[in-house]
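Pasting a structure here, questions to come.
Labels run A, B, C and D following the written order; every chain starts at residue 1.
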């Protein structure tokens, strides 16, 4: 248990640092905020008054803690562009993006592990060589291109009005999200399959497998009962990293499929220099990345007794 | 040659290092170098000669399908897609090369110094590198775009900085591993100074680890540039890049699907070439 | 109990072929301790792997006959081999640490052959495991049962390996350099343990090693191998004190014993 | 003849700090406890003990490879060198044999190209290797050949003291005998002194003049080699002798 609390502690610390960095990053450009509100020919006095009004000239740390306490209570300030509470804007769009990312993660886990084991089980021979090359090709198809191709497919098979109000009920949302999630997941699945296959084959060459054979195990039972548990360790860590990387892919896929999720909101806010929105989304995404890595650490610690020691 | 590994009873294939790549049937390396070689050749050629100038519009030939005249067909303004794709690919490759150069050179420097001397700097720098690599590079890049603005040079700077940690970590790991191997102790006993040990003794062995990282770096750089330009935060209007063209091509998906497909194919080929090269190199390291 | 007739083992890959064992004949009676001695490259480990059926048949081809109580190991297919491995043949390997699964408990790994070859209930199995663990002098078996390999010393792990090989009372215990990775004092204890196991469980032991001192203390008969062939065979004292073959003489004289080098 | 001391070690204590060095001796385990001995010119001093007795740390501390120690080490020898146990990790995999042997001369920097070439060839023959090994990489050599190259690399700078940390333990018995003969010949030719570290009592008996027996970082017995083997005093020495019998 000591390991768990220690890890939880580092999780909170990292989140704290991330939010501080995100906040500081945006302090560097307050001037633009004011000019964007007042227009470029604002006089210095007006700028000073506006800054005073927005409380921009109080010491940085004071503003940070104030922002943090509001943030934790859900008040992320008002968007400069739309002048409506940021948290409302995000709350509206978060479920859509969450479905997309979680669906893609689910696909990655459910497809890559069985395929990886199957390929390791039947390694060697023409089929294996063919599948490895195919896997390499799928790995190289970037989500943006795959998204566009699948977007073409949605235009043909989904009725036009469907894509307008897909977010009404849950099942329509899931149905709509299948192709976008697939375009995110496919390259990740092939990477995970390659990693699991190589990791399994490496473990099968290890000495303890020879002991398993000497006890009467067949190749299949040795793989399942001995090699798999060792081989899955790097895969768990990779899936956590993939969950983080898929956030980026989802931002692009939202752009491709015109899904109004937080990804598209982020891009729009960057273009319109709407800092509070960008800052809130970045911190949200960072929390997802850090939490996923934390879960992976816990899972690895649960599987591998040696890690439990330190 | 075959050497029967006496203890474990299975035979071990021993080959002779980098030179063995070419005779050995390292399929990945061969395919990778063929694809990358062809692409790089085409791109270099395109700087000198192109069937059409990328900006020359031909009002009569808008959105023509691929034909002998226009290998990839023409776009909505009648420009030859093949020429534009080649120019875009050139830009993307240029950006990727600069990004990898920045990341590799500075990363190797930081990695070898922290790996060799260790101590407080090593711990702090490695913590920083770990936290940066934990975040997807494009996400951080999006934030940095707001600080440094958009455009070709900004994106090179941003991605370059973001690629330093991955190189630094790989080099540091390798240098730290070698630091307490016996041949380094012997070198010290012979009176070799720190600089001589790092550059003459440690780095030659690190190249074999660095090569796959470089090709995977290219792979990620191309991917990142394409994504950012597609989102409109990368390369800006007068300059062309595959990512940006992809965004344009998407709106003609139904009327001219070949437009997006050809752009996408070139990106896939680039990434495939580099990733296979990287795979071939790391497999070669594993066998010797 | 064990008869090997004209055993050849050839390793092959696309281009080359290398013969590691060039036609050897062996014989072992019930309950005998036979030493298989030779330097690296002599083929002694490959012979052991062939006898225990652990040679990867895609990398190597074995010809000749290996009869364990009449059953020819080389001619029987995968399934019949699997019935043999772990039931009639137990194997103990060189460095215990890498031959044990790091993420499974000691108890689970020792009872492995019982799980495969017997239909005992988990309780019966655990009781059997604890009995054999105490038989191989593993201190407080109850706790060690739940421990992981990285929590035990080399000597203790090797005893767990031996326990694992003995679970189904095999006819033949095949030991491939079991003492090489251990300290001298622990080495002596493992040798005593193997002697006691041989008497108590009446199990024949095929002991493979390059350490002639260990073989001299443990084995009844010795076979000397060089470049895949048997150079000399005989009672341990015969071979050690008045060796016939030239190579054996050189091998024995090279053992660092109590005489000054000129 | 008057014995000149090549190496003097007194009150040597060394701690191994688990975890990073930066936070001081958090949970340091004592590796060497109050070690004292002297080594004379032309003498072979054996250091015997089981794994974990601190003998390898002793070697590294004496040559300053690790400097976490208290007590004094007085060197009175020029350019001491070391030969390690694992032949696979003691030669730089990126270098050819020629480059490995030339490196110490390059560092020393006094010799021209021909002079270096001549010395390399001379040392190569001296350790029983030949011209054809020059262009080979360590990966293409057998264990015995590698150990010969590392001995050659150590000898080329004409050291007066050579520390051999289990230098023959990883080799086959027949090759072990050849390397021991080579070491004894070189010692006689150049009046060298060896610190011969090994866990194998029989090997130590063959080529050492005096022996230190170490247990858990302490020297439990020090005597001439015949003294140790014929009339062992300490209980642990007896146990070691008995199990190596």
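Points to keep in mind about this one:
In the analysis below, a contact is a pair of C-beta atoms (placed from the backbone, for glycine too) under 8 Å apart; a residue touches a chain by one contact, two chains touch by 3 or more.
Quick caveat: nothing in here was measured; it's all calculated off a predicted structure.
The pair with more inter-chain C-beta contacts, choosing from A-C and C-D, is A-C.
At the centre of the protein atoms shown, by the Cα-centroid criterion, sits B.
Per-chain Cα centroids separate chain B from chain C by 50 Å. For the pair chain A and chain D, the distance between mean C-alpha positions equals 54 Å.
Separating the CA-averaged centres of chain C and chain D is a span of 34 Å. Residues of chain C in contact with at least two other chains: 40, 54.
Residues of chain A in contact with at least two other chains: 207, 210. Residues of chain B in contact with two or more other chains: 8.
Chain C contributes residues 39-40, 183-185, 187-188, 210, 212-213, 250-251, 254-261 to its touches with chain D in the complex. On chain D, the positions that touch chain B within their shared complex are 20-22, 60, 63, 65, 79-82, 84, 86, 89-95, 103-104, 107-108, 137, 139-140, 150, 153-154, 157.
Put simply, chain A touches chain B in their complex at residues 14, 17, 22, 25-26, 28-29, 129, 133, 136-137, 139-145, 148-149, 151-152, 155, 207, 210, 241, 244-245, 247-248, 251-252, 255-256, 266-267, 270-271, 273, 275, 278, 282, 285-286, 289-290, 293. Residues 124, 206-208, 210-218, 221, 226, 229-230, 303-306, 309 of chain A are the ones that touch chain C when the two sit in their complex. Within the complex formed with chain D, the chain B residues making contact are 14, 16-17, 119-120, 123, 181-183, 185-192, 196, 200-201, 204-205, 288.
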